[in-house]
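Chain lettering (A, B, C and D) follows the sequence in which the chains are written, and residue indices restart at 1 in each chain.
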Amino acid sequence: MDRSRLEAFSDGVFAVAITLLALNLSVAGPGHGRLLHQLGSHWPAFVAYLISFFTIGIIWVNHHALVHNIAIVDRTLLFLNLLLLAFVVAIPFATATMASYLTAGGQDAHVAMALYGAVFDAMSLGFMAIFEWTLHEGRTHQPVPQEARWAARVRFYAGQLVYLVAIGIAFISPSVALIMIGLVAVYYIFERTPSAAPSASGQAEER
Amino acid sequence: MDRSRLEAFSDGVFAVAITLLALNLSVAGPGHGRLLHQLGSHWPAFVAYLISFFTIGIIWVNHHALVHNIAIVDRTLLFLNLLLLAFVVAIPFATATMASYLTAGGQDAHVAMALYGAVFDAMSLGFMAIFEWTLHEGRTHQPVPQEARWAARVRFYAGQLVYLVAIGIAFISPSVALIMIGLVAVYYIFERTPSAAPSASGQAEER
Amino acid sequence: MDRSRLEAFSDGVFAVAITLLALNLSVAGPGHGRLLHQLGSHWPAFVAYLISFFTIGIIWVNHHALVHNIAIVDRTLLFLNLLLLAFVVAIPFATATMASYLTAGGQDAHVAMALYGAVFDAMSLGFMAIFEWTLHEGRTHQPVPQEARWAARVRFYAGQLVYLVAIGIAFISPSVALIMIGLVAVYYIFERTPSAAPSASGQAEER
Amino acid sequence: MDRSRLEAFSDGVFAVAITLLALNLSVAGPGHGRLLHQLGSHWPAFVAYLISFFTIGIIWVNHHALVHNIAIVDRTLLFLNLLLLAFVVAIPFATATMASYLTAGGQDAHVAMALYGAVFDAMSLGFMAIFEWTLHEGRTHQPVPQEARWAARVRFYAGQLVYLVAIGIAFISPSVALIMIGLVAVYYIFERTPSAAPSASGQAEER
């Protein structure tokens, strides 16, 4: 197994999962009330779509940066990568469930939002497992320096902490939890990914 | 992040989005009237399918020409690219909604057609944002010459103007608005994309 | 536009379209009669799935052989390629419609089977249009020799003829028409694609 | 046909099929009982999702290792590869059917589980057919040594045997059959794929 086909397959799964999110965008159609009203009452679906879309997009960006530095591909890495992808692929389901229950309101909106946060948290853990795998000597082209490791872990545990708190907050206010999960996406968009640290300028150039 | 993986991921999203359009092609099935009649009454779905299919196809072609010249990939570009893709992925939803309301007729056909035009307009703006990003010194292999910039902007704002007018026209006649949006696609098919301007012959050859 | 990204995008569309065929494989589920009986009464869906799957697979193989020899990519080729893909993407819809009406029986089974044949015929015409495009001087790495052109056209018009006859036969016996369309797929699997003719042995080797 | 486009197309089909599995993850939504209860009663869907996800993932890994060594691509290989993919693409259907009948219980849970095992068995046979194809002289870069052939066959027939026994067990206890099919996936994750045998260390390194 060479790295490039791992990337190609993962890219395919990311691309399909991010596009399937849009299957959740739908209205009941003619005969179910005014269209503007339907669109308005579905606002959780649109907000959820954007948050999930950008979160998958960011994980894809970070996945690339992480994998790009990898020198060998073993069975453990393949397993960890499949585990990460299994949670990525579950995001459209978690998004659809969360959006429909947030629209309906009631007690289960809390449970659905906690489920949404939990899937994101699990995906994030899967990503961190791959990162920890890369730290072993000889698995990367350039060893990840100690200070970069800790910087990455700090950033990672910050995101983890927000997801975990959001799961708890979901049982008090689903909307606040949704905003928190959205802010994690915004934070990661403008924050460099850990593994790109060693040669930042070189990474950015085309090769 | 190197450019080729940005292309691979974007290609995947374009390919899935363009194929998901076909999920909107469906008839109610046996027991809901004659098949020919069902197919005939669904003509907006077939016209909408073709227009959306070719519009996504053209944006893919132009996206390639634009990205091909890019030398560095930074966080801003990744964000703008995700924004563009988020609207591309929303096109199957906008297409399905427009087609079902145009079939049903009534007041909401106007709203649905305006929504359809608005998603195309937003996608077009996302594309133009990437184009403007490329104009900064050092971001492309070959600097985009001043006259090509203005030619591109003229072409772009022409398309934008038609989309905006079509959104307005949608509230008077959805069918006329649909024809206008279709004509934009036809126009762009036979019009060269801006960023390919510098070395037209070289671009066209295989490398 | 270089050829490799045309291939990548087309590969993506072929792969998604061929996989979406399986969405048509479904049973009504628990509470709708014995599972074996449901599976048995859905036999047209399974036969249609196999025929459509292999037909798309073969068109993909032939598309590759055709595009592999192309030296320049112009707007006309991009348009013809999008036209071909628009019919490829419509195949899951035509397959689902045909299978459900063939299962239900009645007059509309004839119309649905004719529609199925017509989409295959249109896809085939789109493919031939690309082939004719390649015959112009300078568009391919190696010019297609005259005798290969005619051999290709004979093979192509043979397939066309069968599709057209099948559309007619569909109004007499949908099952016979389905068998004919299936036989075209079998024929093309074991028949070399035209454009690969010039250097058959070289084509087959890895590069 | 060169090998790399065979890989690209197959990767695309694997990626779409593995992602479509998640369409089976769904709950009835608001108004159909408590969400936690719905999620709990859908446990077969979640277990089936994981087993199918990892099985497709492993077949993808093994497919890569097998194809990587191939030197020529002929019509027979293309046909065998399409046959393998036709069963891969049928897995989401088999998974959804099995999960819904296992949830509902009753006599048809046995039939649905046997169907699930049969699709896995057929996919496995399709894979073995490609492996046998590679054993002919001159079809691979490095000939597969005799001892590796037998080791591969032993491993393969072990998996086949478990699938066949699981199909039989399905008529006694669907849950036990499901566990057996899951264990095959676990076994193959941590077992090297046959064709990678010749130069194990070299295979693992990036090229």
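What to note about this one:
Here, a contact is a pair of C-beta atoms (placed from the backbone, for glycine too) under 8 Å apart; a residue touches a chain by one contact, two chains touch by 3 or more.
Nothing here was measured: the structure is a model prediction, and the numbers come from that model.
Note on chain A versus chain B: their Cα superposition corresponds to a rotation of 90 degrees, in steps of 5. Using the mean of the Cα atoms as each chain's centre, the chain most removed from chain D is B. In whole angstrom, the spacing between the mean C-alpha positions of chain C and chain D is 26. With centres set at the average Cα position, the gap from chain A to chain C is 37 Å. For chain A, the set of residues touching two or more other chains reads 8, 11-12, 15-16, 20, 23.
Those residues of chain B whose C-beta lies close enough to touch chain C in the complex are 7-8, 11-12, 14-16, 18-23, 25-27, 29-31, 34-36, 39, 49-50, 53-54, 57, 60-61, 64-65, 68, 189-190, 192, 196, 203-207. Interface residues of chain B, counted against chain A in their complex, comprise 1-3, 5, 8-9, 11-13, 15-17, 20, 23, 70-75, 78-79, 82, 85-86, 89-90, 92-93, 96-97, 100-101, 103-104, 106-108, 111-112, 115.
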